[in-house]
Structure formats: C-alpha cells, structure tokens
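Across the two complexes that follow, chain A remains constant while its partner is chain B and subsequently chain C.
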Partner chain A sequence: MSVVRPFDKLPVLNSAAILLVGTDEDLQRQLAQTILKEKKDFKISIHLATSLPLPAERDHIRPRIDLIVFMINVQSKYGFKNIEASLAHVDANFFLGKVCFLVTGVGRVNHCSVDMSAVRKLGDVYCSPLIFCELELEGIRISTAQRLLRMLQICAGHVPGVSALFFSSLMRSSNDE
Partner chain B sequence: MAARGRRGRGAAGGAMDVTVAEFIRRTVLKVPRSHIPALLQAWGFLPAARLQALDVRPLKEAIAEAVVQLCQENSASIKEAAVLDIVYNHTFQNKRVWTVYQMTKATGGETDIFDFTAFKRKFKRRIQSSLINVTINFKEFEDNAIWIRIAWGTSYTKPNQYKATYVVYHSQTPYAFISKSINRSNLPLLCQALIVASNYGDIREMELRSHCLDSLKDIVFKRYSQTFQTHHPKPLQERNVAPENVDPRLIQEDKSEKERIQRVNQEVFGDGPQPKLEFAQYKLETMFKSSPKMVNVSERESFRCLVKFSSPHLLEALKSLAPAGMADAPLSPLLTCIPHKARNYFKIKERKGVLAAGLVSP
Partner chain C sequence: MDASEPGKAVAAEAGTHLASTTTLSRGPAAGRSRLLFGHTPRRRAAPPSPAPQENADPQKMAFLLRKQWALYSVTPLYKFSYANMKEYSRHLSAFVAAEKQKGLAMVVGIDLSIKVIFSTLLGLKGTDRDQAAILVQIASKTQTTSGKEEEKVVWSGWFCCVFGDELLENVPEDFICLPLFLANGAETYTAIIGTWFQKTFDCCFSRLAISPLNLAWMAAMWTGYKVDSHAVATELIFSVPCIPQRLDISYAIHPEDAQALWDTVQNTQGEVTQEEVDLFMDCLYSHFHRHFKIHLSATRLVKVSTSIASVHSDGNLKILQSKYLIGVLMLLTELAILQIQ
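== the complex of A and B ==
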C-alpha cells in the first residue's frame, strides 16, 4: 500500500509542493489557478488528485509534498467517502500540521448530503484544521488561497522559527475553554 | 373571453359547424405566433394566396378569428379540423408523453406489402363496430410515419375533440407509439384495432415512456450510436482535444484514471448523442436487509421502495456522472442498460438463493 510520506524525500531549495485531493475537479482547478496567481517568492507546484493513493509510476519525479489539502464538498456524499478512504494512504506524520480540510458547499443548505457532525469528527480524529469556505465566490477563493499559501510556507519550513506543529492552535475552539 | 355556444349549428355564417369553428380557433391559439404561418401551410387546406395575405402582426386572438373566417369561406369540416390538430401535435410532439407498444406476428404469418388504404379501412371498421361516436383521422408524413387521431365519445355523447388519442405507426416496424390518453378504458379497443389493421397477432405495452418521440424511435429502431463488443481492445485514439495551455506548475496526478473513465464511458455509452429520456423508475420488491440491531422491521415482507431518476436529458446526465467525479466508472448496469433493453421502468425482485441483492425482471 503506497503511502504519502512527509520526509521520505529531500526538500528542494526555495520551493514547496501542495497536494489538493477532492472529487470536484472544477473547484479544484479554480482554487489551483487562484493560488498560482497569488504573489509568492518561492517556486510552487500544485498537484491535483481525486483520490489517494497517488499513481506509483510518477513517484520518482514527484517532489516532497509539504501540505495536503482535502477538499470536502458537503453536497457530495460520494466525494466524502472518497476522502475518508484516501486518508488511509497518508502517513501519520503528516497529521502534525501538514494536513487541512477545506469544506465547501455549506451555503446551499438544501443540497447538503454530508452530515456536519461527520465532518467535524473527521477534523477531530485527524487533528487537522477545518477551513470553511465557499470556493465559488471569487473573494473567498482568493483569501483561502492566500491562507493556504501562508500555511504552505510554514509547512515547507520557509518561515524561520515557526513550524507546522503550531497549527494545532488553529483548532482550539471556544468549547474547549 | 366569451365562448361561443357549442350546442347545435350556427344559424348565420357559413356552412361550418360552430363546434368545428371553436375547435379550430382554440387550436390556432395554442400555436406560438411565429409558427402559425408554417403550420397552416403544412396543413394544406387553406389556399396559398389567402395564407400569404394573412396578417400575423396583431394579437393572436385576431389571427385565430381571421383563420376561422377563412375556414368558413372554405367550408371546413371536422375532418379538416382534425387534420389541423394532427399537424399541430406533429410539430409539437414533445409536449405529450409517448408510450411504446410492440406488436408480434401471429405464428405462421407472412410479411405482407403494406396497403395504407386497407389499413385505414380495417382500423376504422374495427373501432366503429364497437363505438359509433368516434372521429378517426389519418395523416402520413415524410418519414413514413402514419399519425392516427382518435376522438372518443360514448353511446350517447359526441366525441370529445379536445382529449384525442394519437398513435404513431411506422408501417415497416412492429412498433406503435401512443400518447398517453387520460381515459384508459378505450385502450384495449385501440390496441385490437391496431393489430387487426396491421395484420399482427398480439400487442404489448413496453416499459418505455418519454416526451421525446424521436428518441423513443431511436431506441427501438436502434438508430443511436451503439457500442459493439470488440474482441481486441482498441488503442486510445487521438481526439481533437485543444492543446491545453497548462501551467507546468499544475500537475494532474491521476491522468491515467481520467483516461480510464473516458474509455469506460465510451465503451458503455458510445460516441454519439444519447436518446433523450426524462426519467427512469425502479420499483424495488426486495427484502429489507437490516443490521441485527434493528429488529422492528419485518423481514418477511418486501420493503416497498420506488427510486426515480429524473433529468432534462437523463442519459447524457448519467454519461457525465463519472467524468464529473460524482460516481464510480463503470456505472451500475441497471442504469446503463436502459437504451439496450429499451425500457426505463424496472421491477427489481429478490434473487432467489443468492445473498446478493436484486435481479432485473422482464
């Protein structure tokens, strides 16, 4: 079973790689284009996939993945099941801040097929932040892209003094106090 | 809008029945304004010169009145009005729901050369032997389609011209398309008349219904692009895909999976446009299989459940499910068999003796 590992490859100077996993390809592509348009001072490569595991034949040319973003569309139960199955192919070390869940589609309440408690449980179980965003709206897409870029920089180690482990502070909610 | 009296003949005016005039008026009112000249021309009853002089600029009520006036001058009867109705329904055939019927030859029967006159005579005779108050009209169109219009009455009422049944029959095929009439009690008589007139032995209703008559014809006449099972796998052909100006920083990891989905889709659905159906209905007569915790649900009677898929274009929607990332490819054969089996209404029964669910029954 091929698993994505965070530290099995050497990092490349001044570059970072982000992996977007989700079944909604249009949304994925739009988010990727928005990320590419943002101003950044490092080389970025964006990998798009509908599910894991990633095809083994491209393993040797794939760079080290710094951040995995799972795109959950609340309107598609099929997509959610896909993501749950894909999570098994991610090495446990990734879940120390290098994974986050993007949840879209919550705005259209009538079309929601995935229970919100199931989504929150996923975030809890895998100790990763949930970011709610409506990616169809351009403004939100841009701000999400900026946020992901910042997270990517930190995960790739470009920001001195800050590591991905700090992201657990993103998950502290008012219920915990 | 005050309705004209429908009883009795009009005292003044031409030799045309008031009911006929009203019927023609209402038929013209149903037609969208831009289609009126073409429709009247296809009707072929009014002289061409008068048709050209017809003004289509004013309100539709005025146009309808003008048409009725012209019909008065030419002494239109119910026959011409019925033909106008056929032409209207032929032009706007997709407004009705059509059901497909299949006829089978009696054993030992031969294929005779089709005689339209004999067909009409036999058909009329069979219906009128049971029911006097009917209006039956025929019209043949260019694609060898025979349209039959039947307006039904009872022993003491005149035929209701506004609730007619339409039958489309292609003489070289054993299929008839009947538009769903509200009154089903006349259906056996209609079916009998059809088989008598066309020299067949039996007729049965197929589980195939749709608004789009052409698509129904495509399915039963096998005119859509079908896929044929080839023994050797075809190499993936180059299609005219526009060269993608893909950013090299954007990497599609599962290109091969996408290609597989396209290939499977092509194998299942073929390349051409799919026939247009609006719904598929699955009636489940299977047992409910519950987890041991749910003891309340009776496991002895079947769990009644009806699953209905509806879409403006169902088969195209199914074809795009896997590429859009909403379903696995290949799709369930229950969905993909719709055009091959020529049905969109299914009954799924329990498969006896096997643990797996569901067998599609004929």
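== the complex of A and C ==
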C-alpha cells in the first residue's frame, strides 16, 4: 500500500481519524495530547507518522483517514524536504479539502531555515490551507487543536450540509491575496 | 573533500525537484507583502568587480578589517549634515563624558578625557547615490608612565550604505539613509552613542540577526569570491536543536574544494540564484551524511567563516579581505534595509 486514499474503506459510525505527519515528534505528541483533552462527542483516533507512506502490514486494522495534517517546522529544512517527499504518497482526492499544513517556528525569524515563499508555494500547489501557529505556546496549541477538531468533524462528514471540499473552498477565498 | 562526485548525485536528484519551482520576481510590492516572514529575494547580483574604492584611504580600510563588529540596522537619520560633523563631535564628546560621570556639571568645549571623532569613510559606497559612510570613534586620553598624554581609541562604529539606492525608494527629504551600523568596543559605549543618535537624529537602532537562509547565501557567495592570498578553510558551524545540552557541529572544507564545488554549481553569469545556493548546501550536506550519517539539514546553521569574512547568526561580523569589502557590505546593507522596512 503505497498511497493513502480517502475513500478506500468504509467509515465507522460516529468516529473520525486524523493523521499527523512531521519529523518533530515532541511537538506532534504534544498536539495529539491536546486534541485528546478537548471535549468532543465522537470517537477520535489520532495516527502519528514521521513520513509517508504508512507501513503496509497493519493497513487492514487502520481506520479510514479523514484528515491529514502536515506539520512543517520552518527551522528544519530536513523536515520540510521530508514533507515534500511524503506528499507524493497521498492520493489526489485528499487534496479536495482533507489536507492542511501546520506551519510552526515562524516567530523566530532568525532561526528560519526554510524559505517562506517555498512554504506558501506548497500550499498553493496542493490547494490546501496553511495554518500558522506556534505550538510551543499552550494557548495556541489548544486553539489549534480546537480548529483541527472542527475541520476533522467536517472532513469526516459529521456536519450536515458542509463537505470538506466546500469548507476548503471557503478557506481558500480568504487566503488568496 | 571530493567535490565532484557527491555533487553530481545531488544535482541530478535536486534537478527534478527544482524544475517545478517558478522564480519569484523581486518587485517592491511582492517583497514587502512577505517581509513579515523575513522573505529574501530569489536571486542576487553577483559580486561587483572587486576594489572599486578608487578614493579609499587604505589605512582606514585596514582599520575595518580583522575586527569583531556587532551589526545593527538603523532607520534613516533626520537632518544629519556632513558639514556639521565637527559640531557633532563636540556635542557627542560632552554627552559621552556626561553619561560616564552622571551627576556632575559639564561644560561643552573644555578639555575632556574623552573625545569623539566623526569622519567620513571615503570609497565605501556602491553607487554615487549612496551616502558617504561615517566613522565615529571614541578616544580616551590616558597618562602614560612617562607622564605623556596618549590617545587611545576605545570604541569605534561606522554607518554605511552600499548599493542601497535600488531598495530604498521614497526616503523623504531631510533624511539620510545609512541603514547598516557596525560597532566594535564596549557595549556601554554602543548604548550611549545609540541614545545620542536616537535623540539627535530621531532614528532607531536594532540588532541585525542573520537567519540560516541568509547565512547559506553568504557561505555560497563568499566561496565564489577568488582570493590570492591568506586562503583559510571554509568553516560552517551548525547547532543541533532539541537536545538538553548545547551541541555544535563544525564542518570545515578546504577552500579549493569549496570553490571547485561552487564552480560546478554556479552557471548563471552575473547573478546567484536561490536554487544554486540550495544546491551548493545540499551537496555539502549529502557529503557529510555519507560519512557521518548526520542530516545537517535538520540542524541550524549558526556561523559561516570563509577567507573573505566570518559572520555569526547573532549578528557579529569579521571582515578579512579588503578586496571584497563592498560585496560583503552590499549583502548586509540589503538585509538591514529589509529589517527596517
């Protein structure tokens, strides 16, 4: 199984799955814990990966992935390259609203190792929103977790009348300069 | 190091990736909208022909070399006049003396143990539209054992602008723009001088830190400058994040190897592009990874030293070759302007 697909499995009733991809494992774990602490009325499963593709052997027990979040730390060029390579293993249907990029580390400009125009370009090329956040700060981590949960609900089809594609086109219009 | 062989492997691999990147134009509007994130241009002009300082004073140029300079960016100076420099010297001398001995009454013009000297640094400009560079020095008089009075420079700082005119549009009248300030000496003096300039010319100083992206630019561009003598190893220092104790990795490359690698990477005449800089660094990274299994791209570049100059991301600079002074200052002027805009 080399490509993650959004519609190859049946959804499970009242549950949703989110996949966090990034090389900064500490931040990833912290964000996952914050998401789990939030109050929610559906079952959530969080999958963590440093890169894609996901291993094939456990694929049969993995639920359908509803939202993929790529965590880009602009202080690590390695992490950025890794995400660029991982994107090749995502099915094109995912980019109809079920992918977003979390960009961290922008606050300390003199630590930036990745050109910001390259990050913006990634968002443009893959038609997916960029969310800028400093996950080290607890307040921002909580609000980001809430935001991701809301997006996940939409992507999993739990919000009547709003589809992932509809939502992402709403996001795009505000992003375009 | 064997420059050609790992270079080729990465060049082929990166080539496919780079083919999809379009080049951003460097219009002022595009630049400004992305300034929030320290956007740097995608291409820069190659170093101008060396030694354009036809009227430069070699003694003063030599004075600028081999000293540790702290970098600052300065907003335009209001109503600074080159004609009044003598007067500024007097005022600033009194101000420095007053700050040094707060509480005591001072008279302007009497003999002080501290003297401030303003002078211009001729030849330190890129085009005729750049303002002349200013050198400020603090000399302190001390009695030697033989009873003779001796003047010793205890602090120096200079303002300059090299090829800044293209980036600076709409500087209002009455303002003189010298965006780059370099200081050497005790920080208390830097603070005092900074305060006086802020009060007198309504400007604002801030420390010029240099991001790893720009350090990579310097590593690549300075490697491309050819030196005749005193070639020293190109050394890159990386700081490893996310571990409790500080760990630095030093990566030294023989200058000829670094130059050979850069010559294979650089192919556009007259300019250096972001792609070339990325490729140059990627080649060095992959060579290092082959030997030590460490991904340097996951660490942060904090210091670059070459035969031309050495610079730390905190904003400390040491210039080693007068031949490429203008080239070094040109890039730093650009960064200072980006910071104040």
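The criterion applied here is as follows: the second predicted complex is superposed on the first by the 167 of 177 C-alpha atoms of A that agree within 3 Å, B and C clash if a C-alpha of one lies under 4 Å from a C-alpha of the other, contacts with A are read in each partner's own complex, and residues count from 1 in each chain.
Following the convention adopted for this analysis, a residue touches a chain if its C-beta (ideal position, glycine included) is under 8 Å from a C-beta of that chain, and two chains touch if they have at least 3 such contacts.
Since the structure is predicted, the reported quantities are computational estimates derived from the model, not experimental observations.
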item	value
Side-by-side fit of chain B and chain C on chain A, or clash	clash
Partner chain(s) touched by A:115 [first = chain B, second = chain C, both, neither]	second
Partner chain in contact with A:41 - chain B first, chain C second, else both or neither	neither
Contacts of A:78 with chain B and chain C, given as first, second, both or neither	both
Against chain B, colliding segment of chain C, chosen among 45-53, 81-89, 135-143 or 261-269	261-269
Footprint overlap on chain A, where chain B in one structure and chain C in the other make contact	23-24, 76, 78-79
Chain A-touching residues of chain C, taken from the complex the two chains share	17, 20-22, 24, 33-34, 37-40, 42, 209-213, 241-242, 274, 295, 297-298, 300-301, 313
Partner chain C, residues of chain A touching it in the complex	23-24, 26, 75-79, 81, 84, 106, 109-118, 120-121, 125, 177
Contact footprint of chain A on chain B as seen in their complex	247, 249-254, 256-257, 324-328
Contacting residues of chain A [partner chain B, same complex]	19, 23-25, 29, 32-33, 36, 43-51, 54-55, 58, 76, 78-79
